[in-house]
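What follows is a set of structures for review.
What follows is a pair of complexes built around chain A, which joins chain B in one and chain C in the other.
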Partner chain A sequence: MEELLQAIVQGFFVGSTYGLLALGMGLVYGVSGIVNFSHGDFVTLGMYLCLALFSAFALDPYVSIIVVLPVMTLLGAIVYQYLIRPIAGRHLLMIIQLTLGLSLLLQNALMMTFGGQPTRTPSMIESKLFIVGDVVIRGSHLVACISSFALAFLLYFVLQSTDVGRSIRAVQQEPRAAALMGVDVGRVQVMTFAIGIGILAIAAALLLPGLPIQPNQGLRLTVITLLVFVLGGMTNFVGIMLGGVVIGVAEAVGTIYMTEVLGQLLPYLIFIAIMLFRPQGLVWRS
Partner chain B sequence: MRPEFFAQLRSPVPWIVLAVAAVMPFVLPNYYLHIFTITLVYAALASAWNIVGGIAGQISLAHSLFVGCGAMLSSALLVRYGLNMWLGVIVSAAAAAAIGAMISFIDFRFRLGHLSFALITMAFAEMAEIYVTGTEFFGGASGLFLPKDTGDFFAFQFGGGRGAFWAMLAMTALCLLANLAILNSPLGYYLRSIRDNENAAQAIGVGLLRNKTLAMTISAVLTAIVGAIYARYLAFVDPYLLVSPTLTVEIILFATVGGLGSVIGPALGAFLLAPLGEILRGHFGGSLPGLHYFIYGAIVVAVILVSPAGVWPAIVSRLAKRGRQKA
Partner chain C sequence: MLEVRDVTAGYDGVPVLRNVSLTVGKGELVGLLGANNAGKSTLINVLSGIVPVMSGAILFEGQDIAAMSAPRRVDAGVVQVPEGRLVFPQMTVRENLLLGGVNSTARPNRSRALEHVLSLFPRLGERMEQKAGTLSGGEQQMVALGRGLMAGARLLMLDEPSLGLSPLFVQFIFGIIDKLHAEGLTILLVEQNLALTLKHADRCYVLERGVVAVEGRAEVVRDDPRTRAAYLGM
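Take a look at the complex of A and B:
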């Protein structure tokens, strides 16, 4: 029972960051209709940038966000402007192929720069533990969870009640009408993609403490993000965060309760089961 | 079957190419024959993938699962139970077909157009890697060793490099033939209509589930057989090579660079890129691992931006233009 509670709490905390990863994807999908299959590789890139800053200047991953966030946001803007935009509006297959190529490019650039060995980046908060009742909470998980939800709320607020957010939502709903209302659709799309990649910089720093990282983990992160994204009903904020929690808890419970293989498969099995019986995602209106 | 199919088979060009390729084992030194064999493996995989990804427009990311099914299952059945590998190939091809059909059904339940197929197949590919590397029956993370190749054809042994080359050549020819046959049959038209507009295809009476499942099954069976021959050739079955989703990404990139949807394109892509990759890996594998993948990635991004249809259609249209100018 204690183990179960422990697993659920831990899964909830990690899952909220998965939710954040998928929010970035959902935002981009909603505005540009594209799904980025190099999503996980951008997260990995963010992690390695944090690692590089730690190795060079002994910067804590949380502090590195100050540098990594603008770098990744700019990179996102460049990638959209020069690689994705020329083929936007064509067959979706091409976007998938392009981003898969990008994934291979990023993954192996990291491989050539940092080598293939798993590396850990320490953080000042990593070893801090909080004990509530019988449940042990890692400091880094707590920070990750609180920041993820805070960011999700911030993003929601920005989308709902600022001009930038309104223009993003306008493009999301009806690009042509938005363009007629004087919204620069192309600029909004570049901006959303940049924000989507920027979010990943923060998520990378949140996930990093205590986690061994490898250049080839990107594809797996992409898959986890996709699971959450689809479970959440693609563009629904609440659904995506909920999907993140479901996948996070499934992962944690799976590794504790089941034989190693079955435990690791649990998130995928749950995904397939939900897809079979609730093809529209977890939340109704999406 | 349209008459073009038979006309293309009667043309001498493919037969001459096949004959020239078939004498290669007597001409090429071992290292280059090895590269040629690997290239044929990728050419066969890319053109088998083309049935689903190119003709039907369903980006399948699950093909590493089918390669793994053919390679790992038939090898495991041989190593663990001593089952004849020909039978093992049949069993694993049937398993691949069943999995392919199941994936198509799940995709049909959850329709998001082309996107859902990519998502679901990617989840399956990840599951396959986790499952195979964690299961003792398949040799776990360390893989399986096949018994020595003595050239006993009835035990699925082809007698080393030359035999494996011919077996792979035959398989590549079979995959290309399957592509040609599908493109010239009603199935090919149904699949292309699904690729171009799913809703319109359904409205004129093209059965989505039936045709997609058929394409996926044919592709899965071909891929599994290629996987088994590849495993026999390598003699060591490494799950991190054969069941890794990266393998699928490679296949897709080859097919994309060559030109999706055509018969020649995907195989051409493999012939352009696979030897390059093998040679780069041979020279820089120790000092700069990942360089060949990096270059693949760069090439595919460049090809999509410059000539989105791929290399082969670009060549064809240029030749056609020149022909018209002369006339």
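Take a look at the complex of A and C:
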């Protein structure tokens, strides 16, 4: 029972960051209709940038966000403007091929630069533990969870209550009408993709402390993000965060109670079960 | 206020409009008539910057706006209320109207513009927090028109405002158009409904297969046999 509670709490905390990853994907999908298959590789890139800053200047991953966030956001804007925009609106397979190609490019570039061995990046709060009853909470998980929910709330607020957010939602719902109201649709699409990649920079720093990283982990992260994204109903904020928690808990529980292979399969089995009974996502309403 | 000079425009290099010229004076209500596929919506989209010009000039208050982007034209006051309303369905009426006033010229006057819109459409005041997608067709047309006014239109281009509405709502919407005209707003009205447009417009242009077939004062256009021919394809 204690183990189960521990797994649920840990899964909840890590899952909230999965939710954050999927929010980035949801934002981009909503505005451009693009599912980015290199999503996880951008997270990995963010992690390696944090590692590089730690190696060069002994910067903690949380502090590295100050540098990695603008760099990744700018990179996102460049990738959208020069790679994705020219084929946006074309056949879906072209976009899948392009983003998969980008995934391979990023993986190999990271492999060439950092090598293929798993690497860890220490953090100032990696070893901090909080004990609540029988549950041990790692400081990095607590920071990841609080930051992820805070960012999700901030993003929700911006989308609902500011002109920039309303413009993003307008482009999502009726791009032609948005253009006729003076919204620069192209600029909104570039900006949204850049924000989506910027979010990944923060998620990378939040997931990094204590986690062994490898250049080829991107696809696994992309698949997990896709599960959360689809479970959440693609563009529903609450649903996506809830989906993140479901996948995070399933992963944690599976790792404790099953063999390693079966444990890794559990999130996918739960995903299939939920899709069979609620194909519209966890909190979708008609 | 608006002068279109010998404009040729179309899609993928294929011209839909050929050497179209027209003028709209300040405070005028000009009707743009024609059968289906005559090029009316293409022309209005050319003026909005959605469809590029192949040749010719578009002068708005003396400035050539032919190469200007769609958002900059809205900043300048050239605003289109599109066919089919195209409200943002998942956004509330308030959000739709606020989004109308998002351009840099309209933003400083948004509160005053909102008051004006709500005085024209009191019903929207009762629906402010309702999702626009759940409104009736007539109410959505009010939102679309209100959104256009929020954008600070100096030239308001209405694309088929009567399309799909009940006769009562058509009467109401045209009453509003008359009121805006009386307030001095310049309006370019695209309509298939010949009788309705001739009744309300100062002058009209009839498009036929991408060229101006007839132009003049409403009564002149009504009596011209080419107008009927343009509609019936004779």
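The working rule: the second predicted complex is superposed on the first by the 285 of 286 C-alpha atoms of A that agree within 3 Å, B and C clash if a C-alpha of one lies under 4 Å from a C-alpha of the other, contacts with A are read in each partner's own complex, and residues count from 1 in each chain.
The criterion applied here is as follows: a contact is a pair of C-beta atoms (placed from the backbone, for glycine too) under 8 Å apart; a residue touches a chain by one contact, two chains touch by 3 or more.
Remember, predicted model here, so these are calculated numbers, not experimental data.
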item: First (chain B), second (chain C), both or neither touched by A:I78; value: neither
item: Touching partner for A:L100 - first (chain B), second (chain C), both, neither; value: first
item: Touched partner set for A:V67, first chain B, second chain C, both or neither; value: neither
item: Contacts of A:A52 with chain B and chain C, given as first, second, both or neither; value: neither
item: Which superposed partner A:M181 touches (first chain B, second chain C, both, neither); value: second
item: Chain touching more of chain A, residue-wise (chain B, chain C); value: B
item: Touching partner for A:Q173 - first (chain B), second (chain C), both, neither; value: second
item: Touching partner for A:A88 - first (chain B), second (chain C), both, neither; value: neither
item: Touched partner set for A:I256, first chain B, second chain C, both or neither; value: neither
item: Overlap of chain C and chain B interfaces on chain A (superposed complexes); value: none
item: In the complex with chain B, residue positions of chain A that touch it; value: 35, 37, 83, 86-87, 90-94, 96-98, 100-109, 111-112, 116, 215-216, 219-220, 222-223, 226-227, 230, 234, 260-261, 264-265, 268-269, 271-272, 275-276, 279
item: Contact footprint of chain A on chain B as seen in their complex; value: 53, 57, 59, 106, 109-116, 118-120, 122-124, 126-127, 130-131, 134-135, 245-246, 249, 252-253, 256, 260, 288-291, 293-294, 296-301, 304-305, 308
item: Touching residues on chain C, where the partner in the complex is chain A; value: 48, 50, 69-71, 74-75, 79-80, 82, 86-91, 95, 98-100, 102-104, 106-107, 147, 151
item: Contacting residues of chain A [partner chain C, same complex]; value: 163, 166-167, 169-170, 173-174, 176-184
